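Input: structures, listed below.
Here come two complexes built around subunit A, the first alongside subunit B, the second alongside subunit C.
What follows is the complex of A and B.
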């Protein structure tokens, strides 16, 4: 059953007196308890889409059109008060850099308890403390009693990210949106955090949207992968299908630029030539065409997202390769 | 670095600071033209009388000799006798006048924080609103108006025309006489505190951790008062330490203008009268207050920010 439904979302940023579209008609659904990875380069609109879902966009951004609904109720029309119940309580977010995302002046316990007090008030001091310990164990932090008393700067990078996830879990959300939660971490710790998110999703039946620019961390995690480019979804496919046979040239290029364990060893990793377009000056037609090896005259018109089997893809050449 | 080591180092540094202040004051006072006796004598002193007085107060010795003698006596708590208050011990002169000055400075500082912080927070929460712009305009005035202008203006308006407040004098901190001096002294601390609070709160409200707190569904009010305010106050503490130095400068003028029998007024009078021992002792007291204020700021800083504590 679809829990989160985003349709035709358009988000614009005010920049130098102009409105620059950063998210241009994004639609996707998230089923209860499922895991979706949203992949794309920086500037592709993936983080902005996530912030729009929780209505935490910066003041310069605004939602022009579209709708976002959670279990059938429209989030964009909700008064701010009701939105606060949803934030952290039903849809929680984890941000990229846990060092800046946690408040430097308060202990981990104080920060977890603030969320508990808000969404799940406990009767006694002891019960609150026990719940904090429980959350710390759930995110795999050893010696939780001591770590609860620590300040963010006293923890290692991976530990901080776990603690940040613990503050997100405190409201017992149904949907967790993790915005590049592993970017600031080294590779082994990245894998641990992704494993943790998968385990939490399984144990709690919690749906997870993992936003990342790294397809590598996605493979074992996601049920489905949404690939974004220049503010649009270019491909949305079951993870195994996408990794097996990407339908969009951009997805294929992303996959090609991953290092592989069984490929030739000294091979130079291919990269995608050129740079993503400036959202203020998008090319006419397909936004990826200028960087695409398969671009033809047809690509001067913007491809629509069409459903092919279990996937959706926006490319004139999809299925012809 | 152990806590004891840190404290020992700080006390050592404080001693050096006070010694340097003492030395500079000693030289400045003696470089000032005029002498303690000519100013007070009803008619010109003969060279003979002048020399006798100088000998009597030890002013005929070479400067280094005078300096060392002063220093050692001061270390044992003997700051000499005032020239202007005939035969009165300098310590007595200072102690009798310290209270009005310290209470004025303390009250102005407190008013600065109590009024300035909420104004700054309100402006940050309504960033770019009419209130924000108004506050920024008014706070520029607060910094720009010198106390020697503000004092007579308030006296003329509130005392001479309105007749609500006394025009001068001192009946203690809890009296109507304290209002004008405190208001005048607090103008700059209010303005500066409000500006710094506003700037640092705006930064905090844009921070990642503020966004995290909002993403947890915490109401804006909760986030601002439970978390953001403490973040915002860290830079404000630093400014508060600096305010003390400014206030000690202003209080000299305000006391003189409002005729408050405090250290500030005495300080100015002592300079005019070339009352060397009083000038020296008062300067030391002022310097000591600034040093102590900065020490308190450091303590407050460490209490607010755990990263300072562990550094």
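What follows is the complex of A and C.
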């Protein structure tokens, strides 16, 4: 069943008197308890899409058109007060750098309790404390009694990210949006955090949207992968299908630039030539065409997202290769 | 792990919800601040209870014991050129200076801080109006306006009629003649605090944890009180500590030109100026209030520094 439905979302930024579209007609659905990874380069619009879902866009950005609904109710039409109940209570966000996303002046317990008090008030002090301990154990923090009394700067990077996830879980959300939660961490800790998110999703039946620029971390995490480029979805496919046979040249290029364990060791990692287009000056037609090896005259017209089997692709050449 | 130990995590169970106790504990670990706070309290208590333990009044003149040095027959701190007991005058002076300083702090906290928070949080026209007012207040010649206000109020108190004058007169009785000083403090002393807090608010609002708190459902009130105000504590304490001596000097300057405390009542500033007239013959008369003034300013500074450190969990404890 579709829990979160985003359709035809257009987000624009005001820049030097102009409106620059950063998200251009994004549609996707998230089923209850499923895990979706949104992948793309910086500036592809993946984070902006996530911020739009929780209506936390910066003041220079505005949602031009489209709709976002949670369990059938429209989020864009809600008054701000009701939106505050939804944030953290039903849709929670975890941000990139846990050191800056936790307030340095409060202990971990105070920060978890702030969210608890907001969304799931407990009767007694003991019950609140027990709930905090429970959340700390759920995110795999050892010696939780002691860590609860720590300030953010006293914890290691991985532990901070776990603590931040604990604050996000405090409101018992149905959907967790994690915006590059592993970027500030080293590789082994990255894997642990992704594992943790997958386990929490399974245990709690919580849907997760993982936003990342690293296809490597999503392989055994996501049910589905949404690939974004220049503000559009270029491919949306079940994870195994995407890794098996990417349909969009951009997805293929992304996969190609992943280091492989069993490939030749001395191979130079391929990279995608050129740079993503400036959203203020997009090329006519397919945005990826200037960097695409398979571009033809056809690509002067913008491809639409078409459904092919279990996936959606926006490429004139999809299915012909 | 040493940072965890030093933050006192191993020192028994301190429930995180009792933040004020935690802050007091951290403050008490800073010896200089603690001693300074104790000394300040002692000075204030001595000054405000001086009627109980002093034998002479601050206004009693005695032509037989003029200009007596400290530690002599005529009292602990000696006498001034009219034979008035310097200890009694010093105690009364501290009272007035403390009252002016306290009121200045009140204005900063009750007007400057909320205005700065509002301007910084809301932005837009509220911000523009507030900050342009700050610019105007900083551009006008303060002392001149202070004198105008002071003269006007003194005149009202002395010979005015009507409700306003009556109110001013009763305030004047309550404040030992400091009404003009208080009015000037209200007019001028919110300004720098409002600007500082407004700027700091903008900085804190842009930090990730505010966005993260929003993402977990925190509303505007919670953001401002819980996160922004708490993260502005350091600049606020510093600003308060810095402006306390300025408040006391303002009071002294106004009293000196006759729009502050009425003679024979002394404030610390008045005593410093009066004593300075005789600095060549009787330096102690200006040194005693000057040293007191400097000591109070220094102590306030230490306490402010201790508070700031106690409120910031990332500073090491101890010295």
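Definition applied: the second predicted complex is superposed on the first by the 321 of 321 C-alpha atoms of A that agree within 3 Å, B and C clash if a C-alpha of one lies under 4 Å from a C-alpha of the other, contacts with A are read in each partner's own complex, and residues count from 1 in each chain.
Here is the rule we go by: contacts are C-beta pairs under 8 Å (C-beta built on N, C-alpha and C of every residue); 3 or more make two chains touch, one makes a residue touch a chain.
Here the structure is a predicted model, which means the values were calculated and not measured.
K.L.:
Is this a clash or a fit when subunit B and subunit C both end up on subunit A?
P.N.:
Once both complexes are aligned on subunit A, subunit B and subunit C clash.
K.L.:
Does subunit B (first) or subunit C (second) touch A:153, or do both, or does neither?
P.N.:
So A:153 meets both subunit B and subunit C here.
K.L.:
Tell me which partner A:105 touches in the superposition: subunit B (first), subunit C (second), both or neither.
P.N.:
both
K.L.:
More residues of subunit A in touch with subunit C or with subunit B?
P.N.:
For subunit A, the partner with the higher number of touched residues is C.
K.L.:
With the two complexes superposed on chain A, say which partner A:114 touches: subunit B (first), subunit C (second), both, or neither.
P.N.:
both
K.L.:
Of the partners subunit B and subunit C, which touch A:79 in the superposed model: first, second, both, neither?
P.N.:
In the superposed model, A:79 contacts neither subunit B nor subunit C.
K.L.:
When the two structures are overlaid on chain A, which partner does A:17 contact: first (subunit B), second (subunit C), both, or neither?
P.N.:
Once the two structures are laid over each other on A, A:17 reaches no partner at all.
K.L.:
Contacts for A:171 in the overlay, against subunit B (first) and subunit C (second): which applies, first, second, both or neither?
P.N.:
After superposition on chain A, A:171 lies in contact with both partners, subunit B and subunit C.
K.L.:
For A:95, is the partner it touches subunit B (first), subunit C (second), both, or none of the two (neither)?
P.N.:
The answer is both, since A:95 touches subunit B and subunit C.
K.L.:
After overlaying the two complexes on chain A, where does the subunit B footprint on subunit A coincide with the subunit C footprint?
P.N.:
Dual-contact residues (subunit A): 54, 56, 81, 84-89, 92-93, 95, 97, 100-106, 114-115, 118-119, 151, 153-154, 164, 167-168, 170-171.
K.L.:
Considering only the defined contacts, which subunit C positions touch subunit A in the complex?
P.N.:
Checking each residue of subunit C against subunit A gives 3-4, 7, 9, 14-17, 19, 207-209, 211-219, 222, 226-227, 230-231, 311-314.
K.L.:
Which residues, counting only subunit B, touch subunit A once they are in their complex?
P.N.:
207-209, 211-219, 222, 226-227, 230-231, 234, 304-307, 310
K.L.:
What part of subunit A is in contact with subunit B in the complex they form?
P.N.:
For this pair, the touching residues of subunit A are 54, 56, 81, 84-89, 92-93, 95, 97, 100-106, 114-115, 118-119, 151, 153-154, 164, 167-168, 170-171.
K.L.:
Where on subunit A does subunit C make contact in their complex?
P.N.:
Its residues touching subunit C are 54, 56, 81, 84-89, 92-97, 100-107, 109-110, 113-115, 118-119, 125, 129, 146, 148-151, 153-154, 164, 167-168, 170-171.
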